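Let me begin by presenting the structure, written as structure tokens, before commenting on it.
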Amino acid sequence: MCGIFGIYRNVDAAANTALGLHALQHRGQEAAGIVSFNGERFFAHRDMGLVGEIFGDEEIIRALPGYAAIGHNRYSTSGETVARNTQPLFAHMDFGGFAVAHNGNLTNSMTLRKELVREGRIFQSTSDTEVIIHLIAKSRESTFKDRLIWALKKVIGAYCLVMLIDDKMIAVRDPYGVRPLSLGKLGEAYIVASESVAFDIIGAEFVRDIEPGEMLFIGNDGLESSFPFEKVNKRLDIFEYIYFSRPDSIVDGRSVYEARINIGRKLAEESHVDADVVVSVPDSGNPSAMGYAREANLPFEMGIIRNHYIGRTFIEPTDKIRHLGVKLKHNASRKCLEGKRVVLVDDSIVRGTTSRKIVEMVRAAGAKEIHFRVSSPPKTWPCFYGIDTPDRSKLIAANHTVEEVEKLIGVDSLKYISLDGLYQAMGEKGRNNDAPQFEDSVFTGDYPIPLVDVNGGNHSRDNISLIRETT
Amino acid sequence: MCGIFGIYRNVDAAANTALGLHALQHRGQEAAGIVSFNGERFFAHRDMGLVGEIFGDEEIIRALPGYAAIGHNRYSTSGETVARNTQPLFAHMDFGGFAVAHNGNLTNSMTLRKELVREGRIFQSTSDTEVIIHLIAKSRESTFKDRLIWALKKVIGAYCLVMLIDDKMIAVRDPYGVRPLSLGKLGEAYIVASESVAFDIIGAEFVRDIEPGEMLFIGNDGLESSFPFEKVNKRLDIFEYIYFSRPDSIVDGRSVYEARINIGRKLAEESHVDADVVVSVPDSGNPSAMGYAREANLPFEMGIIRNHYIGRTFIEPTDKIRHLGVKLKHNASRKCLEGKRVVLVDDSIVRGTTSRKIVEMVRAAGAKEIHFRVSSPPKTWPCFYGIDTPDRSKLIAANHTVEEVEKLIGVDSLKYISLDGLYQAMGEKGRNNDAPQFEDSVFTGDYPIPLVDVNGGNHSRDNISLIRETT
Amino acid sequence: MCGIFGIYRNVDAAANTALGLHALQHRGQEAAGIVSFNGERFFAHRDMGLVGEIFGDEEIIRALPGYAAIGHNRYSTSGETVARNTQPLFAHMDFGGFAVAHNGNLTNSMTLRKELVREGRIFQSTSDTEVIIHLIAKSRESTFKDRLIWALKKVIGAYCLVMLIDDKMIAVRDPYGVRPLSLGKLGEAYIVASESVAFDIIGAEFVRDIEPGEMLFIGNDGLESSFPFEKVNKRLDIFEYIYFSRPDSIVDGRSVYEARINIGRKLAEESHVDADVVVSVPDSGNPSAMGYAREANLPFEMGIIRNHYIGRTFIEPTDKIRHLGVKLKHNASRKCLEGKRVVLVDDSIVRGTTSRKIVEMVRAAGAKEIHFRVSSPPKTWPCFYGIDTPDRSKLIAANHTVEEVEKLIGVDSLKYISLDGLYQAMGEKGRNNDAPQFEDSVFTGDYPIPLVDVNGGNHSRDNISLIRETT
Amino acid sequence: MCGIFGIYRNVDAAANTALGLHALQHRGQEAAGIVSFNGERFFAHRDMGLVGEIFGDEEIIRALPGYAAIGHNRYSTSGETVARNTQPLFAHMDFGGFAVAHNGNLTNSMTLRKELVREGRIFQSTSDTEVIIHLIAKSRESTFKDRLIWALKKVIGAYCLVMLIDDKMIAVRDPYGVRPLSLGKLGEAYIVASESVAFDIIGAEFVRDIEPGEMLFIGNDGLESSFPFEKVNKRLDIFEYIYFSRPDSIVDGRSVYEARINIGRKLAEESHVDADVVVSVPDSGNPSAMGYAREANLPFEMGIIRNHYIGRTFIEPTDKIRHLGVKLKHNASRKCLEGKRVVLVDDSIVRGTTSRKIVEMVRAAGAKEIHFRVSSPPKTWPCFYGIDTPDRSKLIAANHTVEEVEKLIGVDSLKYISLDGLYQAMGEKGRNNDAPQFEDSVFTGDYPIPLVDVNGGNHSRDNISLIRETT
């Protein structure tokens, strides 16, 4: 996923960026970084960890002066969680400094990288984003804008970018608009963020979504918008509504919270069962479970309590107790479950391991029946546009029928929302198979953006880094 | 508050203690510690921070060998957050090693401390718990049990203790039972914990509550229970149900979750208002808000979203944005609030500052009316039994009428649950003023346990430490 | 060994103490601490490591305000290198705060500790110094001075103490004067330090040595000296001249540098051999080797170069190269050694292991003959007065004849200075066996101060700590 | 300066590299790094600090597997002490991985860098070494060897390089041989190191010096030597003998220790004065002072004692005591100096500030006369070949006559060794002005290697980095 944020013409640019990144923390918890610009020089601070840990110190913020800043929350899609991959990336170009933060995934980055290395270009990271930097550096176009367009026309994939050069902040959203990107305003400052919650935290107002294929130059003289790419049908990743985005965000005009309530309602409509209580797997399952409960006219109970004090590392101290796993995060509340027929709502099943443990826990707390309801269709394909998913062989729904999964996770019944039902919950009539309204490849295997690396045999990232660093 | 945990005769004593403390993390986030015993020697690891941070490393657990362990989560009641106050405390006595973890607050510790210092005894901490150690050390009784009884008869206050000596683990709950303490079992091991959730996480079974005034010796030959203190009426702190304990705990036979639902229902019954939606201040307000919504037959919406990635330190980077405060933790979801008449449910109002900011945020998100409902009566007195409360001059309800508070926090209406209503929600007929069923001094000023230090002019902790340490 | 320092009535008390401790760093590298007093409160900072690492940060010094400060460099005599043993120790007494730093070793501390524990007193450290605190706390005398005298009359051993109470700094040197202690002056401030180099670094002037058995109270009204103990013959540890003290210190009126030159001269006189060059094992062997060279009329060459970038931890990365050991610290310079008959001068031989490795290295660098000369007599007894020595079974000279040692370390000849020769080098006629002028027990087994713990079977420190802490 | 080390075909390659770097620690204390290769992959660990701190942990060494390793000690010549400049640098090329460690300074790196950036190449560091990487990457020659030669023919400056690729370790010394580089052998492994002391520590044997202009490819099939550059006269930096190299090293066939003794003798011969004692400023001044003393037939005394416990950071805690400076490191020993006519020998005078403080200290210790003798000629020009020197305006000898310097540092007399005297001490007849035997530009302003950046106006490093990073 990753979260990106940028602000231009604000006296507290770095501090506001830190706050915006904090609001976007759910999009990536592995690392975070900010690059600011004060009219003369760029300043960077990037580290592994949560935003609050990295930027909680006033001195750190003071070391990031200037009226412009961009920031990034990193969510690891490839295995390399090393410091040099922490964004924003920065490069010294012939025209000056260039910083970039990227949310998404390029599907031809390995192919391009090979070519660029062959040309004698030295990569400093294993991030696909660096390909864009080298393309801009290499471009012979005369203006920065033309060099950027030239470079972006070479890359294929899902991307939202926010960039900083000497006199401009630039935002770009890929032609399909797979990932969300919004424009906000705080006084005279323009802001760009992955989700609208980043505006709320600093009291900025939401202006509009940045359009798929739009390129926005933000300078002292205001905005300059252009659409340099060939037009294609918009296809926002539908998982942004199901799971990724925060419920209090408005993504491409839709309330995520409301979408989830509606998905829950639709799910209830499609998968009725006699039950006593609806319980969600918190926190992401909450709104769907509430929607389900309302539609089914059943009480919604907080039958599973989440422990939020986990942090990134945790105790699995000895083999003997390592199996506890899920209990570190969740506990079933016997009072709500004992003797009950429980509808258990979760947003997805990936490998099935976690679901099975949660079901066991709910069963141990005395539930008489467990009816598992999933607020997304069966996940049968990997994602290539920015979400870390296991390969098909590990996706339980890609290898088992619903009945088999039912048995594997140990429930009395299992139902997923239908693909059309999901689209209907989004206010559509159903999925338009000729021109699908959303990117839904994990359910359908329909990949709108070509998988160049995969198809060209360049997908393996095994040799992308010839070096292993310890720090 | 603080959380305590002890386990005896278990092969993974320290690891299970770490897990138990993690489940009790809500009772104290400042520091944590474990002391184990392997039949020959005691082992300790104590540090500032969260349990997962302190005990997440397998080597740390391996450095705590043995079949017995006790642990403590520290919540700071006095200002001194220094390493030497991290529990369990340990002392080398004439009879061998002695470790103790304490939840509660002694009301005559300063008075006793003065006497003990006058006798030439050296304190190593500023913790009131250390008084108990010196009293045991000083006692001339012949057995450990008699020395412990002698010592505990001298101390006054609220306490749950778990202790470890060479051949026994000992648990004691004060005669009033102000703080909860439960007994569990895992195989042949006995466990003692502040709340039952600590049993759930390690798959242990709940055996029973430890009774007010009970002293339990746990050894290889099983349990030995006694009641050495004069009998008084039990008075568990009613705030354990309102706020402190986890909703999935069973405290003194009552489900905390259910109690909160009932409190919400009673609150709705007492304070009807025409409204469109019920919203809670998450997370502690959730069950009461759900109860309110059910009784009032209104939809319960997650109109305020909590950001759980806060950690202990956080960004308040510059003065200009320091006022954001509450937004780091909460965001109002415009979709649920805009144009609505909102019932906003929270568990208490202390100074009123946070409430005012939340109200502002909800108002800014478009709420048409805000009706604030509080699931506890007005807090008008400080707590002396283990909860850090400001002094009376800072308690908004101690200095203002309900109408004034209404205006100060900026709501359309404000209602608290009544004291009798609260007792009724707990299944009582109302408060029995002759023999109140709960400790409720913060609402009533009725302090069942004498405030010896306060009344004797020894309450000030200003000179308790003549030294300030940096580390 | 340990180094102690105290300063009273100085505006930069803590900073000057840090500098003084830095000058005394050679007396202890394990840990260091400072306690200051500003007229109202005491302040402490104590940590493991070197003075420059611990006190190099200006903020640390600022957190130690006040006009009085005492400090301590810890050298580990017993195995416990834990934080709670870092001095100065501090206690809150009935009369106020009390801080103490100690150089030396008590020989009846275990015996006293047992009694004090039996009386119900709680020890916070395993340091023998804490016994003194409990004795003062326990004393029923009316003034602090009388309590201190009462306490010190109970302890037996070698000690230099510097203490701080509300209105005085106190320095005491044990009746035998086993360890050195000097008085200095900087403006109106009085200073106490283990060695005079601590005065040099801050530009203070040396006033005089503190006498054996002297107790000095230093206050705003100046000095008050007394001699409360029974008089005995002074016996400074002769090893202070051979090895411990810095060459640029003046200890009890003698220049350490000059003493070492004279010892080297005497050694040459006693142990003539035909040779080409004199080489020392640096750094401590340098002056003796120079003295030897002068007397023998041979060139002194720096044939062994010491690498000073060692730090406390170091690389012994794999078994295969672990045997390199000594080479991390020393390298032989082939140019000075090849084909030469070398006189190799070192200050002592303890186990013989290091000597053997150095000899091997010198041999490998081409030395034709190696004549080992030791500037102290054979070490045949353990030290009980503050120096960490292995027990007799590990002292090579206690278990082997000179001829055997010669073979074991692989030299062509081996000679030690004689005991009388050593005394003569110190300006005496020889050792006065009736009233020896120095403490020399490691050579003679003549222990002037009774070994109470050892003789009473209380010497073992195995059970002094029932707890093992990890931090 | 910097120190470099490489080893090929050794089972403990990284561990031996760490030891070698430790022996070369005097050549750079700012940072250190190792890159190893195990036949499949490269491994890196680089950090700020001393070798013993960075590589003291066995796990770090274990994370650097393989039979080949190169390492680097960084000494900061430019201001940027950031992590990304820590060597060895690594790049992923079209032919595989490439690691390089560099000792020296390129004089046209800024000029080349500008060109390379203009071509769209992205630099990851501000190190001049990275220019070499980009040139190799860019080269269109067909073999690695030819690409390397092509690249090195473009760079101008002083350099010793050790490089690692998949199947070879490569060592190169610039045509002038400004910095030293030696070849050693340990079993079947070949070793390359800046100085021979790095062989001593691991018990390797010295094979020969690597020649100026030599390029050595080291592989499984042994050595392949070539001389691809135009031949010029060899000019090793004479300062390697005066100050940089360790006394126990053999540099280009000469013992550094012996060279310093001879320089001291020559200095004595040239600058006789009636005196009582010769004292050195330790440690680098020691051998010259010893040579001086022998020639002058005066006693050599350790009249200044050096405190080796400094570490990199140190206490200058408050303004009031900040002037102490030099005393943290040195103390004058009154016993050796009082009433004496002292010859004080040091290796050089740069700004004069330190010399003045040392003279004050010696004077304060009672010296009657101070005759300052310098074992190098007056330093009147900056170094551009790898040593950090202030610009001419700060060099005291560039701006003052000897008589003026005499007064400024407060001595009774001041003499430098003559330039010819220095050459004579090195065994030459004198300086051959037509073809000087050594690089001596700091004394003569005769720069044999063109100062391209300086002369082209590209010397300023102000804008080399557009970004400032905090970590």
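The first chain written gets the first letter, and so on, giving A, B, C and D; residue counts start at 1 in each chain.
Keep in mind that, in the parts below, a residue touches a chain if its C-beta (ideal position, glycine included) is under 8 Å from a C-beta of that chain, and two chains touch if they have at least 3 such contacts.
Values in this document were obtained by computation on a predicted structure and should not be read as measured data.
Considering every other chain in turn, none proves to be in contact with both subunit A and subunit B. With steps allowed only between chains in touch, the distance from subunit B over to subunit D comes to 2.
Inter-chain centre distance (subunit B to subunit C, centres taken as mean C-alpha positions): 50 Å.
The centroid of the Cα atoms in subunit C and the matching centroid in subunit D are 37 Å apart. Taking each chain's centre as the mean of its C-alpha atoms, subunit A lies 62 Å from subunit C.
Within subunit B, not a single residue touches two or more of the remaining chains. Contact residues on subunit A toward subunit D in their complex (touch as defined above): 35, 41-47, 60, 63-64, 90-94, 96-97, 117-118, 120-124, 133-134, 137-139, 465-471.
In the complex of the two chains, the subunit D residues touching subunit C come out as 11-12, 14-16, 18-19, 22-23, 25-26, 29, 50-53, 55-58, 61, 197, 200-203, 246-248, 250, 255, 257-258, 283, 286-287, 290, 294, 299-300, 302, 305, 307-311, 313-318, 320-321, 324, 327-328, 331-336.
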